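Okay, so here's the structure we're looking at.
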């Protein structure tokens, strides 16, 4: 089983960027945690990050082909990008939307996600644990299918 | 470690109610799954359900005293109840908001949660698995504290 | 044939409450009229009233089991209660929404009903006659089925 | 006793038009049913239909003179026509607003009626039975006066 | 002279709940202060609290019969409950709306009160003193009548 | 000099229609007053009335050819009819918008006029005098040209 | 008979201020025209202008005492000033609202007047002629009383 | 193959009406162009125009019976007429919506079309060429069926 | 102890202005009542009134220096004046907002106060008693400090 | 004559992506169709596609130099991208906006195009035929110039 | 060269008013800095401050005559005052809008400026430096003319 | 001292793009001016431009490391890009937002900047001078630190 994990804008700065909001763990450390969890479940992980909206579309298209499921943290594009939403709908593999912070409890512009009607579920607010829960959720869904 | 799980309106009908939307698992079966997961983590589970908004406030107040964390599926009250949100804020124990369906991808009135700024995180869309992920998220948070 | 009639908040004050708006007939008198009309149609009537939103959810769940159709006057909860709407959708028996006053011609907050997409039809503005028309509408629907 | 029944745009296509939404009964058949119900109540029926908003204003003005009450299904003009609303207010005979489909449970643009504050009540969702209930409601009101 | 004082959701936690926002005085202490003030004015106090919206409707109906005026702190239901508003309008005794915190200076959802057009006046922001001022306001009004 | 006066829906009922709002003068009497004022200014009057929006478009097109200016009371179509607005813009003769009642002080839906950016000015609130002032305004404009 | 004419902000610049929008006539010239028209009708004119919102309130209060009617061009305060609206309502003499430009056809912020529900009518778009028509409208109203 | 072309309000003035916006070609000339294009495709053209919204409903109903497809330029009714939209949906023949001007780049009120969800496609902005393209689009669709 | 009382636009007309809404007591009489209440509490009263928004800013700045607390009835400026709000925030002495009428139960534009987040509390609806309650509230606050 | 055709996000998946919505034709096949139509008209075609918003800006800038007209299907960026709109306005060659699906009849977020006021016209809903019609529209415009 | 600098409400309290927001520099000190900068550029400075909206209109009218450019910090009136905006447009000398704080990053009500479409540019967020930059911007513009 | 200057979409066309709106100076010329001003202040300039939103995020991340301050003209992304805003917040060096045109006086969609709450200040409307003022503002801020 292969799962793609796709990270959006400014997540490459994780650990140094507003740590009171996003925590002190770096994206490399999150990747290590996810790969370890993947190994324990027998899941290979494909990892991608870009600050460019269209590169995220590309990554979804590419990993949507090579993987059986996706974990997507689209960062700030979550709130506006119909293009990313459409890419998720187009590849049609089960996708879990994750967020480090609890976006639904933040300022108004971050409380809505335009991606959500193309994904199977949303997990937000648990820092790097959001990714691990997302992987479990996806695994549980794929195993059931 | 003790965790309270609180269920809102119409969840007592789970399994028979619009199964295409909410699945065929009953609330008793969800409880069994959660208790099993709790046992595996060494967590005692307190379980509550009510169709009455104010009884949910009561349950949050009561379980917020006897437990170290809460899992809350407020059902349709999620979208409007400041009283439930205030109860969560008042008891001040870590609370995870869970939903069976992916509310952020449903009709407009269900895309907003007024509870979210009082909880530590939100998990939506994975059926009964949402509860299990919520328990893990809470456990991870409480274990870290 | 059995029909449940469920009455919401403040309807227990009918006849004394703002009679210029809601008329001088008491809820007991409405019940008597409905039961009489029921007898003439060969329909048994189950009658319920509560001021508590969640008790109305309970009543809909209970009468939705024992009856073949429901008449629902949710009073002020009509305009906000997704929980009551979901209960109607969950029990999935034909339900007619009735109102004593013509809510669609009143102040803005009362012109919308969040229940309406779960019921088969709406009757508003005819005082206690709204109930009798609702019973006939339901009877006509059930007889046809 | 004489009652005018006024039908708005596209109702002349009833029976052939989107039957899954509006049913398979033609407007002629509705007229026959209403006249029969009228006869049983001792009420003469005046019948009118037009696709032209202003002709509906004319019909309301004309039948508002010759009749003691009106039944009005303004179709799609229900949601926008202040002119029709003003005609009803101007003739000042009791008017019942009826709809074949349950407009309050349909798409947003059809959930509001600008006519409603000029009529005595609204009945929606019961197909041709809406007309019969409207006639009974009006009869009950006129008989009481 | 008899005055009913009715308290809404989460007020039973007063003193322990977010004390920076609501102060450190308990609801029992507020009751003691109000009863003392009542005695000094020759006013008997009826006291009620519930977390359940519909129980507040019940309390308003019951105390609205036995008392000549009401003091109402509906807590979080203030901002949404037409049912409580209608109960106040139905019992038709002078009612003063009070709030511990200055709701009009808080977040947007708390700046509006749907109760206000059914009460004679509003007092907000003075902690437990809001109740004492409310009692004086009511006394002054009842004495004048 | 020739001026067209065009009257919209329900104005044919003037004098009998809600006289507390629109006054007791009939439309024939208004016409007589306008023709008299026209004579005193040396202006011929063309008079038209229709309840049909499109007939008002026709009248504007026709009188916009034969007259040097128009006075338009579009009644309830004032608030919604882009078609009438476009007809005024198309004929490109100076047009004065008049209203019997002070629409800008009435309910929200009547406070906006979609015609106004195609006319030279608006006069509202003076009963039949609105027409006479409109004629003077138009005369003053045409005389100056 | 005595009529007060009150002019708001920037009207003192009339004739030099954006003449393509407001015309080339100065406010002194408007005053001369109004006084001449007043003389022909046997009406004394009181004239006031201020750029200060509160001074306009003062002027309305003062002239509302000494005059039997008011003509008010509140300029840019028209769109926002409840204080001026309340002053008009307080003095309770018939007031006509006038505007040089056709505010209802201008940009969105200028299309609404918060004064309108306190005046008897509105005249907009005819340059200085708006004042003369306003005087006639007021005269006609006062003469009839 | 037979196609109906239906033209809405003020299109009869084409060529003289605001030519900078709508061009200098008359509606007769557009008809000639469309008929010529029809002949080259072997398509008979039925042509209709009315300023009356309800007459357009009539034309859609009539031509929707005699033709296999419709081209509809509803002019200013495009933005508000649910009745015309419902007529298109009722007749259920493929319909192409065309506009002379690029309505989506004009003022806000003209940027929305309430017809669009009942048609197969929209063409706007190419003057009389919009009709010719519409005919080709319809031909291509009908030929494929 | 010294308290400033500042009154906004049209309050100088109190007693004669819309007495059904604002009561028959004059502002001088309110001042007398407040001074008497002040004497009984050992509080000196500074009194100010102006119809000019900026003069109210001036008064707040001046009395905010010489007094230990303020009572502010900003009248119609309550709903729009950020300048008055900023003055209250700038002087940083405890300020109580008072209103004669129950603004929260009046028309929409009067239900919001932009001042409220700069004051310690709000009292509305008790006529001149609002001032006396405001003085007591302020006294209680200042005495506690 | 040379025309640039620019395709936005996810169009590279055409034929496999939600074929019930976008059809089964691939983007290569669309290109072949457009080039064939171009040859028949004597028009050279430049073809571009990117998932990256800014690359579309680049393509518009580049092809806007080398071509005399553009056909633009900006996909999901249509609804939000001022940057793409500004690129079209900057290059100032005639541009036709095309869409495969009828965006004006889809969900609310897709009904608006922010590009439209920079293009000469819009064609939506005809699948790959939209491109061919767009080419004809552009050809007709360029040939006329 | 002569430049007018006009300061709005509460700016006279600068240095003492909410220093964390507006800094510790007094308005006199700002004036000294601006005059010094003016001297270095050969620009005479006219200085004005008022808390009264209409006095700011007066100052703009007066300094707009005697100066070749204006620097305007309208304080809280920035967000609502069409009268001040109209004064700027009326005097038609180049005007630069300045703000001490970064209003575009503050609460919603302060993010919009109704003045901006009458000024040549806006500078916000640099404390007293905003004035100096504004003077340079104006100087650069006037020198170029 | 080192300052990064980052330019967004379509700014590479400066000088040729809508010169009436953006002026005739090219971006190279702006760069030359800024570098000259930098030299006079002893500030090294890093210069970047991209049409791609995510490349601007990259540039902010890169220059935010190598420079002590940033000047950012995000062009059309200003109004929608939370990703760019988050990049500015993440790098946490003082950033000045500049615009060539006065965006606050342009059409509605351009009047808001979502970047503003992450920058220290905003300068708009002075053409290339906006950059020079931005550099001075930044220099003044950095020199003070």
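Letters A, B, C, D, E, F, G, H, I, J, K and L name the chains as they come in the text, with residue numbers starting at 1 for each one.
In this text, contacts are C-beta pairs under 8 Å (C-beta built on N, C-alpha and C of every residue); 3 or more make two chains touch, one makes a residue touch a chain.
Since the structure is predicted, the reported quantities are computational estimates derived from the model, not experimental observations.
Student: Through how few touching steps can subunit C be joined to subunit G?
Tutor: The least step count works out to 3.
Student: Can you list every chain in contact with both subunit F and subunit J?
Tutor: H
Student: Using only Cα atoms, superpose subunit D on subunit F and state the rotation angle in degrees, rounded to the nearest 5.
Tutor: 120
Student: Please decide if copies subunit J and subunit L contact each other with the same set of residue positions, more than half shared, or with different positions, and reply same or different.
Tutor: different
Student: Averaged over CA atoms, how far is the centre of subunit C from the centre of subunit J? Could you give it in whole Å?
Tutor: That pair's centroid distance is 54 Å.
Student: Can you compute the centre-to-centre distance for subunit D and subunit H, using the mean CA position of each chain? Integer Å is fine.
Tutor: Taking the average C-alpha coordinate of subunit D and of subunit H, the gap between them is 31 Å.
Student: Could you tell me which residues belong to subunit B and also touch two or more other chains?
Tutor: Subunit B, residues with two or more chain partners: 52-55, 80.
Student: Of all possible chain pairs, which ones touch?
Tutor: A-B, A-J, A-L, B-C, B-E, C-D, C-E, D-F, D-H, E-I, F-G, F-H, G-I, G-K, H-J, I-K, J-L, K-L
Student: Would you tell me which residues of subunit B are touching subunit A in their complex?
Tutor: That would be residues 102, 104-106, 111-113, 116-126, 129-130, 133, 136-137, 140-141 of subunit B.
Student: Residue numbers of subunit L touching subunit J in their complex, please.
Tutor: 8-10, 12-13, 16-18, 50-55, 75-77, 79-80, 109-110
Student: Name, in rising order, each residue of subunit K that touches subunit G in their complex.
Tutor: Of all residues in subunit K, those touching subunit G are 52-55, 57-58, 61, 80-83, 85-87, 89-91, 114.
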